[in-house]
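Order of writing sets the labels: A, B, C and D. Residues in every chain begin at 1.
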């Protein structure tokens, strides 16, 4: 079983190496299949490990730490390359590998024809490896490596289409925000090592007493800083919306389902530490719920389909931190898993829409898509109901669990949470209504784009909707080449044998569009549709993982995670009656959110009053940062360059350099090239040593 | 009757040849090549002799690992002495055997490329390599000063001849003669040290010395102290520690490039192994006497190596001084005289041997067919002529500079930790300062390689470092910088701006692209005229090179074997840079297993 | 009047010093090499004297090995000298100072 | 009984008067020889000085009852090593006087003298009051109380305690022979042109060891027994050309 656990890590790594070496040669689509196979194999290995774990008795026996070699050993620091498989990491690994496998499969279709097709899978496999390293790491250092690895992959993948200025800039932005968080992680690691003398989880938890008081609170808050960076919480959340510049599968995998939940995972992993500091917990809960609310409000106003989802993700992650903050770790994990299903599904659906719309992301230019892409619309609807919290879908139970616990702990926070739930139902319904119902608006939009000159279409008058540039083409040929690529792909799908022959009928509107000389929406190929269906089923039925009703026939996440979280039970202080009442409230809130959105948006697609620019520009957070940090930073930097660097740094460096160089020139004279003088040097050294020994004698 | 008595009383010790099997394999390999060469009518080409050398070294490596596994199997209880106590088979000796035999593999591959280019298909270079490697191994395994001396001589004689291998070239001859005379001188001093130690302790056996010193307190230990001083001279000479280092730059510069690489690796391994074995293990109880001496030697070595390397214009010479600087670092571990120190030194030796041989593998290719294009000017624009060479050398140099995620980082970190752990913080500070200085001259070469400027421009080493980093990153490290970025991120504030508005700020100050390096050059060149003498020293002229060698334009042919050697070194450096644990664990275990 | 160990050591040290001195002041490579032989012999005297005093055979054995090493070193050393100085008028080591700095 | 013998023998050595005289004579011979080595202007004379010094050392060995080593000393050193020196001196034709009076390196002599004096005084001072390891149990067997005397004892120790170094000398000789071969073989047959024309250089007669250094001009120093004198006329010719045209000279002259 231990070897299966290592295989989880080894397979994506192997896939990465193979693709790195031969990816370009394997090409499209073999490289994609290789990457997918590697991740699917990893999923199988995870299942095997999971099975092995299930066969053990619940409790400590399910926690296995295994190291193969010492990674770093310096002084008192001894870091092993160790993995820790316990129910928590297993839960994470299961949905990480599972969702990753699906999204890999989806990407085969989505990335078809991209110039850097194989590179995409190289990054993706490396990402899965890093994510598993993060999840399975047996100590903070390994987790940190994974943490940095996913950050790096995220950076690469956000700026995957780096010809696009916005993509390159978004990548940098994500990089910097994450560095701020990583700084917290590093300091926390140093602090913890300083206090406990170890970095392994078991070691830290055994020496928790050393971390009581201020040190523990500081460590938690520093780790939480790291988590806010990675999981896009206040104050480090703006990068996630920009990260949507990456290809949509990346958004689905990294910026919705897996990587951004790493912060939540870290908090759960370090929960004994968290439990030691009540104030730190309150900070986490507050930041979480405020982020959830802020993210929800911003999501209500976005016009870019992916940005709505991005802010939704921020909001949902806020819920998870809320759960962590109130000590309901199981609820946090439950929501994380459920969220991975439905948010992954939403992103993939969005990707399918974007794909079908030929890289159109603006909601105002969609409408009525349900007719053209029924499967996408159907699965999207499932995810919509799930995230909105309509019973009995996964989201209802997951979000309900979080809110119940919040209600039990801090009723004030619960109020914010329930308002956010209303917002959630509202903005997702708005999204669905704008995209899939009503009259099609895309022909007009596409025509405009078709006629507009190529150079403006990519950077765009509307900054939210950058066009995708493929095959290195920019300029006027851009729009045309996307069309060409799409039709080419439609043909290839039939011939490649990966899609069933029935695929042609689904793509019928596409053909029609082509004949008209301009593109029109079409359903995506099979490789993209299958993951949608699988995820839809999961989003539908994900709630069974943790039904609030106790019973032997329900799969209980609670009891499964009990060895990890121990006495951190949830819904401990609520009576059955209040649970029922809260469930009814949740359902009512969800349904009213949907109703409001339906009423407001089915009749009209353009309602600027409902999209205040304050919210649209995400509470002016970027502007605020620019004003508070960016401008003074610029000024400081230019001052430093102009004055400090020239006068102080350069002076010091040049002075030291001159000194060293002069010393070198002087010493050089001693190196005369005469062998007898060298011998004299040796004799001199000998005399000096003998003199020292005379002193000692 | 007499003979009968003699035979009866002569109990030949159990001849455990497995104890010295790695050495036997190496010498046997040399003899085998000799035999095949002299028996076959046709001459053995370099390829086949290289092949046999690699095979012999690999077998020796395999057996060393086998020995290592055997010795470490039962918590170190399997370590033993053989041949009447004159040799120790323990973790230390097996680890050094592993290091040495893997060095031989790389050295043989390097030498093959050089020999072919020289048109010299003789196998002697490989044989010399094999036998001298056996000498280095013997030094590490020796449990008797006489054996140390013999090992040292076997190794040194081989290295003298390797230095002289290209004796038609004046530099090679000069290098060999300098090495020979100074080596003989230091060997004689070393031998005298053995004699005095023998007089003071009554034995040349290291275990015997240790047990004698543990059983007796010498009231007047002058003789032993004098012996220690002289032993230290001899070994410090071999490892090129100041002020016994004077030979090193000349010999490194003059010797054939692959021989230099091998010499830099194996002489240090042998010398340090003997140093550790004799001083830390046998004379450990006298550390209060020798430790301060080594501190001073280490400090001087560090400073001299770094400072002198800075003013060199010949790459081989620069690498020689850098190896002196490295010797100072390894001495840090020796001076710590602790478990951590010894294991740090061992680890350093292991990774250093690959770093330095990788560097010299590149140097031997760039050196051209006459092996004398070693001026910094020859490295200008190497990236364009041969990106593989440039990247390999860059890797080796940044590893030597101790940049993280290379083996060099961990090596430096370990010795510094050991030094601080031994409460010699001042020495660690000195080492760090010299490491910073060293980073400049390493990066200067990197800058040159990635520079596109014509060969007549000058180079300002310090000021152009940002340009190096920029050149490296723009050459493909990060997507998003390669083609799009022309300004580069200069301020943090820029990152924090809204992504929707692309960076449109004018770039001030340092420009981060390759061209910036050249602009700097020009500016510096202009300033250098009225400025100090340092600038003009570093202005390089392509004109000093011969006409038939041309630094611009044409690609460089890398012999497959040299390519393999470079690949081995590069992979080793990167792999164990990312995952240093196995090696540090090995070094630690080896340290615990010194008998 | 006895010949104590000190005398032997004194003689040995003087011989060692003379060898070193010769190496430092003579320019002729061959003479320098002879001086190294003198130094080795100084060590030999010390070895044998100590061995005699200690009543131990190890010193003599060491001398035996020193002889072997000296022979081998001379073979290679003179080989190198011949290879380098064959085309030169004399064996003056000061001529070799091309590499410096 | 053997112990008694040992005590008796050492007592005799230590107390008798002639030993002091022998020591004085030997010391004088050694020092005279050594002085000869370092002050004689002619290397041949230096070599003779070396012989004298080595004789003195042999005398010391005799005095210390090491007859065997004394014999070996004379045979190996005087008989082989010094002869080799003389041989090389003659071969290179450098048996001319070196101008000793003038020192080209400034400060070399006073510094050398001072440092060597300091070193010698240092060792003497350190060794003067030192404890010798008289209490050390003879690790490798005593010299005098063994059957067969000193030679047998030496032989015994070489074949027991020092068996490994003894075998290691084999490697030493191998590398010495190899070195000698490298430094003397095939010289001249590898001309510049051929090097450039055939970079692969797979002509067997070029450099292969089996062919040996077969030119008559090759008076091999290291492996003297390999002098075969079987070189063909062609080889000799090529040797002479390459001697005239110093390989690598072109590039070096550029630099000089």
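Criterion: contacts are C-beta pairs under 8 Å (C-beta built on N, C-alpha and C of every residue); 3 or more make two chains touch, one makes a residue touch a chain.
Computed from a predicted model, the values in this text were never measured in an experiment.
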Quiz item: In terms of C-beta pairs in contact, which of C-D and B-C ranks higher?
Solution: C-D
Quiz item: What chain is most central when centres are computed from CA atoms?
Solution: B
Quiz item: So what's the Cα centroid distance for chain C and chain D, whole Å?
Solution: 8
Quiz item: Any idea how many Å lie between the Cα centroids of chain B and chain C?
Solution: 29
Exercise. Calculate how many whole Å lie between the centre of chain A and the centre of chain D, each centre taken as the average of the chain's C-alpha atoms.
Key: 74
Quiz prompt | Numbers and ranges of chain C residues touching at least 2 other chains | solution = 9, 16, 19-20, 23-25, 27, 33, 49-50, 53-54, 56, 58, 61, 65, 69, 72-73, 76, 79-81, 83, 93-94, 96-101
Self-check item: Interface hub residues of chain D, defined as touching at least two other chains
Solution: 105, 108, 112, 115-116, 119, 122-123, 125-128, 132-134, 136, 138-140, 156, 161-162, 165, 169, 172, 175-176, 179, 183, 246
Self-check item: Sites on chain A at which at least two other chains make contact
Solution: 668, 671-677, 679-680, 683-684, 686, 690, 693-694, 697
Practice problem: If every chain is a node and every touching pair an edge, decide which shape results: line, ring, star, complete or other. | Solution: complete
Quiz prompt | chain D contact footprint on chain B (complex, rising order) | solution = 2, 5-6, 9-13, 15, 20, 23, 27, 30-31, 34, 37-45, 82-87, 116-125, 127-128, 131-132, 134-135, 138, 144, 146-147, 150-151, 153-154, 157-158, 160-161, 164-165, 167-170, 196, 199-203, 205, 208, 212, 216, 218-226, 370, 372, 544, 546
Quiz prompt | Residues on chain B engaged by chain C in the complex (per definition of touch) | solution = 146, 149-150, 153, 157, 160-161, 164, 167, 170-171, 173-178, 180-181, 184-185, 187-189, 191-192, 194-196, 198-199, 202-204, 249-250, 253-254, 311-312, 317
Quiz item: Which positions of chain A touch chain B when the two form their complex?
Solution: 69-75, 79-81, 156, 159-160, 162-163, 165-173, 175-176, 242, 245, 459, 463-464, 622-623, 625-626, 629-634, 637-638, 641, 645, 653-654, 657-658, 660-665, 667-668, 670-671, 673, 675, 677-679, 681-682, 684-686, 688-690, 692-694, 696-697
Quiz item: How about chain D: which of its residues touch chain C in the complex?
Solution: 6, 10, 13-15, 17, 19-20, 23, 27, 30-31, 34-35, 37-38, 40, 43, 46-47, 49-50, 53-54, 57, 60-61, 63-66, 68-69, 72-73, 76-77, 80-81, 84-85, 88-89, 91-92, 94, 96, 98, 100, 103-105, 108-109, 112-113, 115-117, 119-120, 123-124, 127-128, 132-134, 136, 138-144, 150, 153-154, 156-158, 161-162, 165-166, 169, 172-173, 175-177, 179-180, 183-184, 221-222, 243, 246
Exercise. Would you pull the chain A residues touching chain C in the complex into a rising list?
Key: 668, 671-676, 679-680, 683
